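There are structures below to look over.
Next, two complexes with chain A in common: one pairs it with chain B, the other with chain C.
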Partner chain A sequence: MCSDPSALHGFSWLACYLTTAKHMGLYWSFGTVLLLLAITAPTALLFGFGGASAARSRFAPLRWFGKAYIALVRGVPDIAFFLFFVIALDQGIEYVRHLFLCPSTDGPVRQGNDFIVCAAAKMPLGNSPQWVHETYGFSLAVITFAIVYGAFAANVLFGAMTAVPRGQLETAEAYGMSHRQTFWRVLVPQMWVYALPGLSNLWMVLIKATPLLFLLGVEDIVYWARELGGSKTPNYTDYPHGDWRMWYFFFLLVFYLSFTRLSELVLNRIMAKLTFGQATAAGEKQRRAAA
Partner chain B sequence: MNECFQTLMDYGLRSQGIGEKLLPRSDFTLCQQFVLIGSGMTWNIYFGVVAVFAGFFLATALALGKGSRHLWIRKPSEWFIFVFRGSPLFVQFFFAYFLFLSLKQAHPAFSPFTSAWLGALVVLFFNTSAYSAEIFYGALQSIPKGDIEAADAYGMSGWPRFRRVIWPTMLRLAWPSYTNEAIFMFQSTTLVFFSGFPATQQRGDALYYANYFADKTFNPFIPYPILAMYFILLTLLVIWGYGAVNRYLNRHLPQERRSRLTFRPNVIR
Partner chain C sequence: MKKLILSAAVLALTAGLAMAESHTTVRLATEGAYPPYNFINDKGEVDGFERELGDELCKRAELTCTWSTNEWDSIIPNLVSGNYDVIIAGMSITEERSQVISFSEPYTQPDPSAFMTKAGAGDVMSGTIAAQSGTIQAAYVTADMPGATLLEFATADESVAAVKNGEADAVLADKATLVPIVEADSELAISGDEVLIGGGVGLGMRQSDTELKAKFDAAIESMKADGSLNALITKWLPGAATF
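For the complex of A and B:
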C-alpha cells in the first residue's frame, strides 16, 4: 500500500508516513526513555542511600564526602554535570584500562590537547559493532543520571532520616542495639514515609530530565523529533514536507504532560494509602473526611 | 599578569559581541578560560534576573487566578501552571523556538523572538512564573484564617486587604521555597544555547564556553570546575539577596518564629 507514496492522499498518506522505518526509530526511542527511567530510578535511589548514609556517618572524612556530594551536585546546573561526567567517565575508564592493559607504553596520557591511550584500551574497542557503541553510550548516560539525581535522592533521604522521631532511636539504644542495628532495623524501615513526598517529586524531576539524554549523544526522542521534523525535499525522501519540527515537539510536550500527569495520579494514590491511619496532618484530614 | 589583563580586555565582554572577534583556538591559558566563561555568565545573569523579576508579577497574578472563584479565571491559570510545570524546560525551549520560526514566516515582527535574548527569555519567564505561581498558591492557601478575619474586622476589603494583609503574608510564607525556585531558574538558564536557540557569532552563555573549551582541549577537568565555581558564587549571591528580603518580610515577628532560609534547590521541582 505504501509502495508509491506520491499517489497517496490525506489519511492514507499520513498513515504511511507515520510508519516509515525512521518513524519506527522515533517510537523505539520512547522505549529508550522508559528504559532509562526504569534503570536510573533504582540506581539513583541506591546512590542516594549511599550518599545519605555517608553524610550521617560517624567517620568524619566519609561524612564530609557525603555532604560535599549532596551540596556540590545541587549547587551547580545539572546539565553542566551531564556534559562533564560523560567525558570524565569515558576518560577515566580508558585511563584505567590503559594502565592495566598496556603499562609499557611511554608518554603521558594527556599530551597538549589530546588524550592518548593505546588502541587496546579504547572503550569500546575500535572494531566493535555499532550496538556496543550505543550500549556503552547509554550506560554512561545512566551512570551520569544516577550520580546527579542520586545527590538529590541523598538529600531527600538525609532529610527523612533526620525526620524519624528521636525517641525511636533512643528506644533502640535502650534495648541495647548497636549503632548499625539501630540504623538497619529502626531508622531505615521508618524513614520511607517521610521520604515519599520528596521521592515522588524527584521522580517528576527525573521524568522531566530525560530529554537531556539528547545532550549526552544518545539517539533519543529529541534527536528523532529534530531529525524527522526538518523540511524534506522530494529527492531526499518519498514523503516531502515542510518544517514540521514544531509539531513534533508539540507531540513531545503532550507526551511529557500526560506522563507527568499519570505519575502524579498514581503517586497521590500511593501517598493516600500510606498516610491512611498515620498520626500526621494528612492522616487526620483523611479521618475527618471519612467521618 | 599583564597578559591576563589583555585577555580580560579582549574577551571580557566577548559574549555580548564586544572585543576580539575570534575565540582562542589553541594554547588555551587558564586566564582565557576564566575570562570567557565569566563573560558568558552575563547571559545567565541577564536571563535569570529578567525572568525572575518579571515572573514575580505574573506568578502573583496566576496564583490569585488559581485561587479564584470564577471558573473562567481559574481554569486558564490552572492550565498555564500545569503545562509549564508538567513538561521539561528543554522541550519547551525547542517547541518555542520552532514555533517562533513558523510565526516569523507568517509575520516579520516575530523575528526577534527567534534569537535567544528574547525568545528564550519568554520561555524562561513563563516557566518561572508557573513554578512560582504554584509556590505562591500554596502559600495563599496556608495564610492563617485569623489574619484575614482581623483584616475584615478592621473594615478592610478588596485591594487594601490584599495589599496590606494577604500579599505580605503570602510572600513571607512562600519566600524560602521561592528562593529555591530563583536558584533553580539561574541554573536552568544554561539550557538556552543547547536547545535550538543559536549562539550567533559564538556569543553564548557560561556553559556554552565551558563546553567549547572542553571540546577543544578534550579536558573537562578545567572548564567545568571553573563554571561550577561561578555558579556557586552566583547561588551564594542569590541566597544573600533573598535572605535580606526574607529578614525584611519577617521583621515584625519574634525572633524564634522567623522562618529561616534553607539551601534546598531543586527539591521543589
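For the complex of A and C:
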C-alpha cells in the first residue's frame, strides 16, 4: 500500500508516513529515554545513598570523600560535565586497556591532536557492529547521569538523615543497638519521608534532562524530532514536506507533560504511604483524619 | 572476593583480544543532515552522494567499512579522540581544519557557495546572513562580509528555516545543497553572486593515520581516472564541476 506515496492522500498518506523505517527510529528512541530513566534513577539513588552515608561516616577520609563528591559534582555546570566527563571517561577506559593489552606498543598515546590507543584497546573494538557502539555510548551516558544526579541525591539524603529526630536514635541506642543497627533499622526507614520531596524534585529534573542524551551522541527523541521535522525536498524522500518541527516538538511537549504529571500522581501516593505513622505534621493530619 | 574482581577485570580487558586481531574495519562518520551529500533516507539509513562514494572507495581500497552519524559540531573532536576513523561529511578542505586533521585528495571541485533568499527579496548581502556553525560559509560571513551579521545554526536545515520565517535575510551554503531546496519551493530563490570558498571536499582523517590516508587517496585517484567519480558527481550534485 505504501509503495507509491505520491498517489496517496489524507489519512492513508499519513498512515504510511508515520510508519516509515525512519519513524520507527523515533518510536524506539522513546524506549531509549525510558530505559535511561529506568536504569539511571536507581543507580543515582544508590550513588546518592553511598555519598550520603560516606559524608556522615565517622571515618574521616571517607567523610571527606563523600563531602567532596557532593560539593564538586553539584558545583560543576551540568553541560560542562556532560561534555567533558564523557570524553575523559571514554579515553580513561581506553588508556587503561592500552596499558594492559599492548604495553609494548611504541609511541605515546597522545600524538599532536590525536588520541591513539592500539586496536585491541579500543572501546568498543573498531570491528564491533554499530549497535555495540551505540550501547557503549548509552552506558557512558547512564554512568554520567548517575554520577551527576547521585550527587544531588546524596545531598538530599544527607539532609534527610540529619532530619530524623535525635530522640529516635537515642531510643535505639538505649535499647542497646549498635551504631550499624541504629543506622539500618531506625535511621534509614525513617529518613525517606524527609527525603521524598527532594528526591521527587530530582526525578522531575531528571525526566526533563533526558534530552541531554542528544549532547552525548545518543540518537534520542530530540534528535529524531529535529531530523524528521526538518523540511524535506522531493529529491531525497518519498514523503516531501515543509518545516514540521513544530508538530514533532509539540508531540514531545505532550509526552513530557503527561510523563511528569503521571510521576506527580505516583509520587503523591508514595508520600502518603511514607507519611503514615510518622511524627510529622502531615503524619499527624493523617492520624486525625482517620480517627 | 578480591580475586574474583581481579579476574573479572582481566577477563573484561582480554575478552576483545582475539577479535581485535582481525581489525580491518574502518568506521566512517557523517552528519546525515546535508543533502545531497549525506542524509538519512526514509529507511533510516545514511544515503546520498557520500554514501555511494564511501562504499565505492572502501571497495576499491579493500576495506570493510561501517557507517555512523555524528553531530556536525563535534565531528572533528570525536575523530581525533578515536571514536571513528574517517569523516565523510561534505567537509571542505581548509587551512584551519588541516591543522587539526589531515585530508585526503579532494573528491569534488571547490563547490561554489550561494546565497538563498525569499523570492524577489533582491540584494540583501548586508543584512542578517544565516549559516551552519563551524562551516566555511560561517567563517566567510564573519571575515569577508563586513556589513553582514552572522546567525549560526546547528544544521543546514535550520538555517534555511530561518530565512523562511524571516529571522534571517539570506542563507549562505553550498550551492549543491540549496538548488534542490529552491526547486521544490517557489517562495525561495538563489540570489546575488556565487562565492568560491574552500578547496574542495575531502575525507578527514587523524594526522597519525598516514597509511589509511594513502589507501583512500589511491582509491580516489582511481575513481577520478576511470570517470566513475564524475558520474557520481553528475548524479548527485546539481551544477557542480567535474574533474
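Quick note on the criterion: the second predicted complex is superposed on the first by the 274 of 291 C-alpha atoms of A that agree within 3 Å, B and C clash if a C-alpha of one lies under 4 Å from a C-alpha of the other, contacts with A are read in each partner's own complex, and residues count from 1 in each chain.
Criterion: contacts are C-beta pairs under 8 Å (C-beta built on N, C-alpha and C of every residue); 3 or more make two chains touch, one makes a residue touch a chain.
What you see is a predicted model, and the numbers here were worked out from it, not measured in a lab.
Undergrad: Given the touch rule stated above, what does A:Ala163 touch, chain B (first), chain C (second), both, or neither?
TA: neither
Undergrad: Touch test for A:Ile270: chain B only (first), chain C only (second), both, or neither?
TA: neither
Undergrad: Please indicate which partner A:Ile87 is in contact with in the superposed arrangement: first for chain B, second for chain C, both, or neither.
TA: Touch partners of A:Ile87: chain B and chain C.
Undergrad: Quick check for you: in the superposed arrangement, does A:Asp243 touch first (chain B), second (chain C), both or neither?
TA: both
Undergrad: Based on the superposed arrangement, let me know which partner A:Asp114 touches: chain B (first), chain C (second), both, or neither?
TA: Both: A:Asp114 reaches chain B and chain C.
Undergrad: Report for A:Leu252: first if it touches chain B alone, second if chain C alone, otherwise both or neither.
TA: Once the two structures are laid over each other on A, A:Leu252 reaches chain B alone.
Undergrad: Contacts for A:Met204 in the overlay, against chain B (first) and chain C (second): which applies, first, second, both or neither?
TA: Once the two structures are laid over each other on A, A:Met204 reaches chain B alone.
Undergrad: Touching A:Asn127, do we find chain B (first), chain C (second), both, or neither?
TA: second
Undergrad: Give one of first, second, both or neither to describe whether A:Arg74 is in contact with chain B, with chain C, with both, or with none.
TA: first
Undergrad: Residue by residue on chain A, keep only those touching chain B in one complex and chain C in the other, then list them.
TA: 87, 91, 113-115, 226, 243, 245
Undergrad: Looking at the complex, which residues from chain A come into contact with chain C?
TA: 20-22, 24-25, 87, 90-91, 94, 97, 100-101, 111-117, 119-120, 122, 124-130, 133, 217, 219, 226-227, 230-231, 233-240, 243, 245
Undergrad: Using the touch rule from the top, collect the residues of chain B that touch chain A in their complex.
TA: Residues 26, 28, 82-83, 86-92, 94-95, 98-99, 101-102, 187-188, 190-191, 194, 207, 210-211, 214, 216-221, 224, 227-228, 231-232, 235, 263-269.
Undergrad: Give the list of chain C residues in touch with chain A in this complex.
TA: 13-14, 16-17, 19-27, 32-33, 35-36, 39-45, 47-48, 64, 66-71, 74, 77-78, 80-83, 85, 100-101, 155, 157-158, 160-161, 164, 180-181, 183-185, 206-208
Undergrad: Going by the contact rule set out above, which residues of chain A touch chain B in the complex?
TA: 71-72, 74-80, 83-84, 87-88, 91, 110, 113-115, 152, 155-156, 198, 201-202, 204-205, 207-212, 214-215, 222, 225-226, 229, 243, 245-246, 249-250, 252-253, 256-257, 260-261
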